[in-house]
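Pasting the structures here.
Heads up, the next two complexes both have chain A, just with different partners, chain B and then chain C.
Entry: the complex of A and B
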């Protein structure tokens, strides 16, 4: 192992910085264009989509680390600093998400299916009994408070796990590892319950009449596949630039298996939800899919399945494909785009309906969020060594061979 | 430089300080080669009595029809389908251990997969018996199959999840059987090589001419991976489709989209509990304590708490969405579960499935054999109640209050259930007698790298990087061995 420089650190180069700033600037300009060209709702829907997306990536990073600790998994130790850098973005991504939600609520550009006092006022002609029934959860203080609260709690865990890991670099011994295992387990329990409510609130309440128990796990599946893809893609790009030279095709193979397996898992969840609603054929449930089969959404609805299921299934089926850095790079880019589309189909019909589109606002806002995520994530990555040198499973990971 | 490396902080999967390849063979073959012990005879007698009860009760049902059960026009499914889902769920742990843990390269599966897979097969047999029994007319049990028949236009309704179930479970059973039997081949060959006379002839036939050549092993490895790949989607599909038997309907409490993954998690949960129930006793009685170690027990307990918590999240989600949906039927179904006439079933389920497994968060409880066994029984009970709650409390008060009814089991219901336990244990005890209960060939793979001996040698030779603060723990982990083997100190 002497060939590898395990003290290697990532240097956030001027080129990467320039790219992040250019992307961020494009994003800000596009949002400005959207707001002042009379597309405020559409712009807010895009802001919600992208901020939810990157928050999901950060949560996936944190979830990845926690699962590694709790499961005593060793193979990913040599690349664990990438999900760790993802998790470090969580407070910032959460801040942006809350800012988007709050400003969307107060400008009435988001959540208009429930965020209207007339809907819960029995004397108003707009009174809606069903919305009133949900008002214990769907009201501004509880809604904003719980979303903010969840994000703060998760961010605290991301800080904690990251600080244990960097402390471990300084002081050898099992102490920090033990603490990490313990707090990872606590985090996973909290995450199990809170992430469900989080998804119900942030996304499902966009169409506040509709409900599905599966929706939380459906969102988790999307978050997890996109997170795994982003971790893999970041790793491949950094390796191309001369970092992470100790990562071999076995590590990639394992990441590929995860991406493959959870793409199938996502499909399983998607299909179960769809089939059960289709089969029972109850109007209050089927309306969700009806809205996704009209107003030009139908091709996207099926494209979603092709990109996120058929492509990874066929491309990643063989062992060789999962061990090939080029193939994995292409597949992860496809899947990251695919789950953007997945969120698009979750969000747009309930917010802008037939007014949806794909143009400057969509592309520009997404570019801006990529820039933002890149900037903070790479800054965090540069602050610690690329390898947790005192991690008890590091040797296992460096010798990983399957 | 060896390409494989295992961290010293991982717990050994084979304990003991005098383990050799030969000793593993001797230890695993012993229960098959010696005469049965008194404990086995007692267990077997009880199990066969249960089997007789099962034969009587099932025979009586076939003779008189399912009117012999406590069903009525409102509650058309009760203990029959409860038992069916319970048994088929128990089967899932075997496939999880044998297939999914193989794909994840979890070497702690090696010593528990054999008996867990056997359990799977016997549990699926018990489950299938309830399907046939609840048909009422078992002589036409082939009707769910798309076979040409003499009744004209009578044909299978492919839109029905009950038909999907027939396909899913029969495929699952076949593949599990093939997987289990393939894994058995090298071990049967080992018994064959040690046997003489008639036993040798029998095991020779059963071993399919296994010759142990490099090529044979290579094919064995390849086919194991392929079967694991096939079994994984199969095992998920089985409980998914079982859940769809309920969830495709519009019965409140049944029709909810989370059912498929929630049923799968529950199935793995109950399956691991049953593996724990069986193996905690088997390892003691059969002297397998060096192979099924505390590390195995703890890992299984961790899976129990994981899947139990997933089930807990699903219960919470169902309740939450019942409120959130604003659908009064849905809300009533859940309030009725918790506070209606079957409240005791609901709270038994919550206590046994969600609350008591949380005790496994404490390492002391997780690593206590008595506590693990007691809690595993709790989970078995809780998961039976879960199915009872889902089926009976949803059906007994449907949309039409004038047809509300209660379900009371008859002696036949009870006898068939207890009898199915007899059937299961008869098969399992026979398995322990005639086939090696631990996959010795696979356990031997662990001796050089994952055993206590190999770890101690690494430390003694100064080859292991022991993290600070960990040294004490290695001693604790092996205290049991030190007690047995003082000279090692």
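Entry: the complex of A and C
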């Protein structure tokens, strides 16, 4: 087999830096435009969407690493530094998310469905019994505290796993690996519960009367598919630039299987949530989908299913498609856009309702967050070698052949 | 000599076997098949074995299941005996999907298993046909058609490649029943 330069490092080139700064500047300008042109609520909904999206990508990166460790999987070792760089963005993405949520709460009442003391005051004419019943979870200290707390806990785990991995580069031996396996297992248990509450609080509480236990899984599926797509896309683009030459079509095949399988999983969860509500036909539940079928959301509602289910199902079904770098590049870009739309349909009807749109604010804010994510992710990627050279499964991964 | 149908070269090491395949191919000897106790990476490419068409069969079985389920539910609930369930129209498509999904999986799974059995001549109660019993135990075996190749030349190449035993079989398959 060919000799690879396993000490290769990513160099955050001036071109890539320029692009991320341009995107970030576009983002800041369009947020400014949105805030001062009378579209403040729509801007905040977009900020929430995008910061939740990139936090999801970072969570997916961390989850990917933890799953690989716990499952004793070797195939992804040669590309593990990409999800690792994703997970390194988590503290920053979390900071942005909390900043958006807190400023939204205190300036524009982003969570107006429940964040109003009158709603839980029995003497007020606005008193809402349902909201009062949920006030143990949906009150400002618990809300902000738990979201911040979860993000801090996950960030600590991402720091820990990353530092073990970089320490492993310095000192050979199995010690760091064993530690990583142990803390990955602990992380996964914590993540399983906290990510559910996180999704309930950040997104589901936008429409606080409605609830669905499926929602946690639905959000997890969305973040996992978009995370896998982002990991694959980053890998393909870096490989085109001459990095990761050791990645072969078998690695891509496995990533493709992940993307394919979890697109179907996403649909499964989406449909499970939809079917139960459709079948039971209870007004307090169906209202969620009614909001998503009127005010111009209906085409988006269908487009969501076509992009995130039908397209990956048909395109990625064959083995050859999953092993083709060009096909995978196109599909992952489509899926990243598709799950942006998915979050759009989750967030917009409950915040801006009929005032939604797609224009400078949406495109600009998204561009800004892409720039922000690119900048921090590529900086973290350049800080360590592209392969963990003392990882016990590295040899297995370099010979990956399926 | 003329009653030899197949030449079986026995190897006791996968590395030696892979070199043996190279040597036979260099001498332009066509390999009928190779039997190994465990899968060896890259051997399919070396022998030029085409990929299994089982996925295509699986897709066809699956889509048959989808269509069967849809037609069945449609006939029952829309055409033959429409019922008022929760005030919904008779043709309530979302309700059909779980049945369609399950029958897709069922048809696909059973179809694949039976196709696999059929292609490999495996049926309940039938003794499996093998060319050499030790291929399932500790020997890596290359089978070569003796009718189209010169037996002495093949033997020489096999011996040179490090075969530990060379068998000349008068029948293609032996059965578990016979030994």
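Just so it is clear, the second predicted complex is superposed on the first by the 399 of 402 C-alpha atoms of A that agree within 3 Å, B and C clash if a C-alpha of one lies under 4 Å from a C-alpha of the other, contacts with A are read in each partner's own complex, and residues count from 1 in each chain.
Methods note: a residue touches a chain if its C-beta (ideal position, glycine included) is under 8 Å from a C-beta of that chain, and two chains touch if they have at least 3 such contacts.
Predicted, not measured: the structure shown is a model, and the values here were computed from it.
Taken together in the superposed arrangement on chain A, chain B and chain C clash. Of the two partner chains placed around the shared chain by superposition, chain B is the only one that A:177 touches, whereas chain C remains out of contact. Touching more residues of chain A than its counterpart among chain B and chain C is B.
Once chain A of one complex is fitted onto chain A of the other, the partner contacts of A:276 are limited to chain B, with no touch recorded for chain C. Contact with neither chain B nor chain C is seen for A:253 once the two complexes are overlaid on the shared chain.
By the touch criterion stated above, A:319 is placed in contact with chain C alone, chain B being left untouched. In the superposed model, A:133 lies in contact with chain B only, and not with chain C. Touch criterion met: A:401 reaches chain B and chain C at once. With both structures placed on the common chain, the touch criterion links A:216 to chain B but leaves chain C unconnected. Common to the chain B and chain C interfaces on chain A are residues 275, 279, 401. Of all the residues in chain A, the ones that touch chain C in their complex are 271, 274-275, 278-279, 281, 317-319, 401. Put simply, chain B touches chain A in their complex at residues 2-10, 103, 105, 233, 236, 240, 244, 247-250, 255-261, 309-310, 313-314, 316-318, 320-321, 324-327, 361, 465, 467-470, 473. Across the interface of their complex, chain A is touched by residues 41-42, 51, 55, 59, 86-88, 94-95, 97-98 of chain C.
Touching chain B in their complex are the following residues of chain A: 72, 74, 129-130, 133-134, 137, 172-175, 177, 185, 189, 192-193, 196-197, 200, 211-217, 257, 264, 268-269, 272-273, 275-277, 279-280, 282, 284, 390, 392-393, 395-396, 398-399, 401-402.
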